[in-house]
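Got some structures for you, see below.
Two complexes come next, and they have one chain in common, subunit A, joined by subunit B in the first and subunit C in the second.
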Partner chain A sequence: MSARIDRISLLAVPALGFLAVVYALPLVLLLAKSVQTPEGFSLAEYRAFFADEYNMRVLWRTLRVAALTTLLALVIAYPTAFAMSRARGGWLTVFLVAMVLPMSLGVVVKAFAWSILFRANGALNGALQWIGLIDRPMRMMFTEAALVVGAANVFLPFMVLPIYAVVRQLDQRLPEAAASLGATPMFRFFNVTLPLTLPGVVAGSAFTFSLAVSMYVIPSLIVGERQQTLSMLIARSFLYLRNEPLGSTISAVLLGIAVLVVVLSSWLARRLGART
Partner chain B sequence: MTRISPRGLTRRSLLKTSAFAAAGTFAAPALLRAQSSELVIGCAGSHSAWMEAIVVPHMKEAIGADILFEGTKSSVNLEKMASNKDNPYLSVVQMDDPVMIQAVDADLLTPITADAVPNMTQLRGDAVHMEGMWCNYVQPWAGVAYNTDFAEGVPSWEALWDPANAGQVIIPSLQNTEGMWTLFMAAMLGSGKPFSEAQYEIEAAFAKLEELKPNLLSVYSTMSQAFNLLEQGEITLLSGNFSSYTLPRKAEGVPVDLAAPKEGIFAMPSGICLVKGGPNAELAAAYVNEMLGEKMQAAIADFAASVPANTTVKAGAVIPDGVEIYSPDWAFVAANRRDWIERFDKLMAL
Partner chain C sequence: MTQTDRIFRTLSWIVGLACVAFLMLPIVITLAASFTSSPVYTLPPPEWSLRWYRSLGERSGLWEAVLLSVNLAVVSTLISLVLGTLAAVAVTRGQFPGREAVATFAVSPLMMPGLVLGVALLQFFREIGLRDAYWSLLLGHIVITLPFVMRTLLASMAAFDFSLIDAARTLGLSYPKSILKVLVPSLAPAYLTSGLFAFLASMDNYPISIFLTDARNKTLPIKMLQYLEEQPDPSLAAMSSGLILLAIIVLVIGARTVGLNRMIQG
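So, the complex of A and B:
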């Protein structure tokens, strides 16, 4: 049996080899540049990065935008996943297509669509003025709120699909059993349904946060150069400043954040899985 | 009934066939490119319209070249050239003068010679740089673009600082060459000195730029998006834009125009160069020769509202009368640009 498993595991060798050559090797070479100086090994670039107040502001903004994006995506995705889990036949197809099809649309196209929605004489301002909520157009373009909404829109499928996968396998008899014992809908949700679906929430949040913390095109198109993120700093370092050690250092910081999120979410998912 | 030979498909033959197929796959592009008429040209993304409409069909007809152009920013083109220095894939690059200086310093260019590119002898004297390391092929002028639905003109660069335009202004990042125009004009307005001296008054420039912050909606590094906002009326003023972009849009009926404020305008330095060791060297030289020839010079200058570099060509843009046209000390820019970009980004950050 074990010999058979070993042989099957060999099927992963091409993928591992591919990843090693096109992902791990360049990454190692890139990270090496962050600690290389003509004099040898040095952490000077890291010290300089963390000592710069501007870099810390960018780091904090990047984390805040990623967290808000994840939160907004979660609020939209959670009920959507339940609706999808109950859908059958044509409706399920509609839901899945609605989730997957926007992923094939370029971010640039979406950014221009958002500008139509968010601009001073755009659809959203028009609607708010029409219903009398505001007297004059609100500034929506180039705001952090617009960025969070735009990013949540792009990353929503990465939140919905993991939650949907867990909700679909949810044993519906458990909330029903709680109801038969007199539990209120609110109690059933917070004490039965939510704990059982938390592994999906953790996985979706980890996906969304990791993608949001490293996004580049969306912030550069929606909020421009005045609100930089870590990814924009990396691009600036390599392309405009031609400062490879700085770019590599920021890349390593960004990678560290992503790895931390993945490790923490895996640990959390295991704990929640064990508890449920 | 045909029986499959037991020797038909062995593990060894499968591996051998796969190896040949893989080798063929990797080798094919190089083999094809070696004998193709393909030229990969790096250029500005904002040049896409006239590159597609004018240059691509002309080059196919005149020199038989199939043009693949990569539209991006000058600094990105420089990075592509530097990253592929040992095995370049770009043959010709069209980018701005300050970046050309960096490319020369990094030993990325081959000089353009009159033997290979006879039309370079017809250029204005100031259009050939560093003994032919690059040439200017056209020269748009840069001023302040504005939306004609909200402004009747821009008589002075001070309009960018006018409180009436709070939240209505976008300026280019210093990552873009056109970002330098706002910096230099801030230096002139801040120091009160003539351009020849003010261009070195960088402290005064940054102090004046700081005063611009309340009026700024954004700072751009992707010009097309900022221009789109100008066209939509989301902003009123777009600083440092150039004739090759604004005037064709105006001609199409879009409510935009380009102002030449009284303090002066700038000459946008559009250069063309040969990449050192680039593929299809002879074809690349023929491409540059055509770009500097009368037919292309006239067509591009007309289409992109630019001043031709070829002295035999009389068509093209009309330079506004009565205002100074400035061309800065690009060597000074190239030497300081990195520091300015960092300082600018921190100053303008929200």
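So, the complex of A and C:
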């Protein structure tokens, strides 16, 4: 009996072996390279990176844009997931199509579509002027706000779907039971509904944040070179400056952020899971 | 239902419909821009025309990029489906310690910054002397597609009744055969949807591919971004509209066979 079970476990070997060699090992080598100099182990590259005021501004901007994108996506996605869970028939189809269809439009094209919208003579300014909200074209392109809106648009399905998965399985009798015991809608939301849907919120936010913190195509088309992010610094140091040590160091910093998000979110998910 | 409940409900519908409009906006823009007569992206178009669809054939290298991207996406998705099935069976049915960690590890590439992975693969392939762009791209794309497949298959297999496999084995099928004849067909929806998402993720990948391409092997997103930088005329909008049409056809087929809701939840 145990021999058979052992053989079943072996089925994981091809995939795990592949990921160990072509995914984990390269990342480990990248980290190793970032602390290695001809003289041996050294954190000099990191010290230089964190001492540079410009780099710190880029790091801070990257984190801020990712946080704002996640927040905007969450604010839109949370009520949407509830509307979706109540939708039936044709309306449900509308929601589901809106989640999946945009994924078929590549991120390059999506980012470009937003840059068309944001241009000074673009459609958005035209529409705002037409309804009389503004007199003159606003400067939208190359701003952080434009970047956050564009990024939230691209990553929204990754926020909506995990929350929808949780909301759909939410036992509607629980809030009702709370109501029959005299709980006010506010109390019910904060003490019943919200805690039960938090695992979906954590999963969606972690996914959206890690996508947003490492995005490259969207900022390079919407804000351009003037406002760098960590990803753009990496691409620039590898593809144009040919400064691989710098690129490796920034990659390691970005990798650190991503790993932190994974660890924190799975810890949070476990804690929330244990409570329910 | 109290007044407050009704307000909550109405609000969620308003936000939900605004969200749908917001999500569809880039698609509408792209479609509108593709039918313009003007050589630049102006909205609304001064006149409607099909000229950018006709010009698609003249863009050098575009079709090669499409073919390369489709090739990479199909091959990497198929390999991921096979590797993913084996690993998911092992995690669901195997009795080894750290199965949870294995599942997390297999899905974790989804959360890793693409550019970092691209840089790491570039250095790694250089180190081991792999110079062929196609093979580098293919290996990189398997890393991208495998987690999509694993995520869906792990969830679906957790709900699969493995006593059906035991029943098939009692009736004389070998274990590999019973997996192929019983498990795979009953998980068809999971295969269809995870395969679709894996395919799209591969087709759309820019950050890993950019480090692994050479002058001759450029994938579609890389070629598109390059065109946008060099001569941004609406032929790319026409190209994308073609891809949207293709996606709509796939969605209709998926909705008819699997159902949209199952497609999304895997």
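The rule is short, and it goes like this: the second predicted complex is superposed on the first by the 261 of 276 C-alpha atoms of A that agree within 3 Å, B and C clash if a C-alpha of one lies under 4 Å from a C-alpha of the other, contacts with A are read in each partner's own complex, and residues count from 1 in each chain.
The definition used in the following text is that contacts are C-beta pairs under 8 Å (C-beta built on N, C-alpha and C of every residue); 3 or more make two chains touch, one makes a residue touch a chain.
It should be emphasised that the depicted structure is a prediction, and the values quoted were computed from it without experimental measurement.
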Subunit A: partner with more touched residues, subunit B or subunit C: C
By the touch definition at the top of the document, which applies to A:Ala77: first (subunit B), second (subunit C), both, or neither? second
Look at A:Gly224 in the shared chain and tell me whether it touches subunit B only, subunit C only, both, or neither; answer first, second, both or neither. first
Now for A:Leu260: first (subunit B), second (subunit C), both, or neither, which partner does it touch? neither
In the superposed arrangement, which partner chain does A:Leu194 touch: subunit B (first), subunit C (second), both, or neither? neither
Touching partner for A:Lys110 - first (subunit B), second (subunit C), both, neither: second
Under the stated touch criterion, which partner chain does A:Ala32 make contact with: subunit B (first), subunit C (second), both, or neither? neither
Between subunit B (first) and subunit C (second), which, if any, makes contact with A:Ala177: first, second, both or neither? neither
Which superposed partner A:Leu239 touches (first subunit B, second subunit C, both, neither): both
Identify the partner contact of A:Met56: answer first if only subunit B is touched, second if only subunit C is, both if each is, neither if none is. neither
Overlap of the subunit B and subunit C footprints on subunit A, residue-wise? 112, 121, 221, 238-239
Which residues of subunit C touch subunit A in their complex? 2, 4-5, 8-9, 11-13, 15-20, 22-27, 29-30, 33, 41-44, 83-84, 86-87, 89-91, 93-96, 102, 104-106, 108-117, 119-124, 127, 139-140, 142-143, 146, 150, 175, 197, 200, 203-204, 206-207, 210-211, 220-221, 224-225, 228, 232, 236-237, 240, 243-244, 246-248, 250-251, 255, 260-261, 263-265
Partner subunit A, residues of subunit B touching it in the complex: 73, 75-76, 78-79, 82, 167, 170, 173, 175, 216-222, 225-226, 228-229, 232-234, 338, 341-342, 345-346, 348-350
Along subunit A, where are the residues that touch subunit B in the complex? 54, 57-58, 111-112, 115, 119-121, 139, 141-142, 220-221, 223-228, 236, 238-243
Which of the residues in subunit A come into contact with subunit C in the complex? 4-6, 8-16, 18-19, 22-27, 29-30, 33, 76-77, 79-80, 82-84, 86-87, 92-110, 112-114, 116-117, 121-123, 126, 153, 156-157, 160-161, 164-165, 168, 184-186, 189, 206-207, 210, 213-214, 216-217, 221, 231, 234-235, 238-239, 244, 247-248, 251, 254-255, 258, 261-262, 266
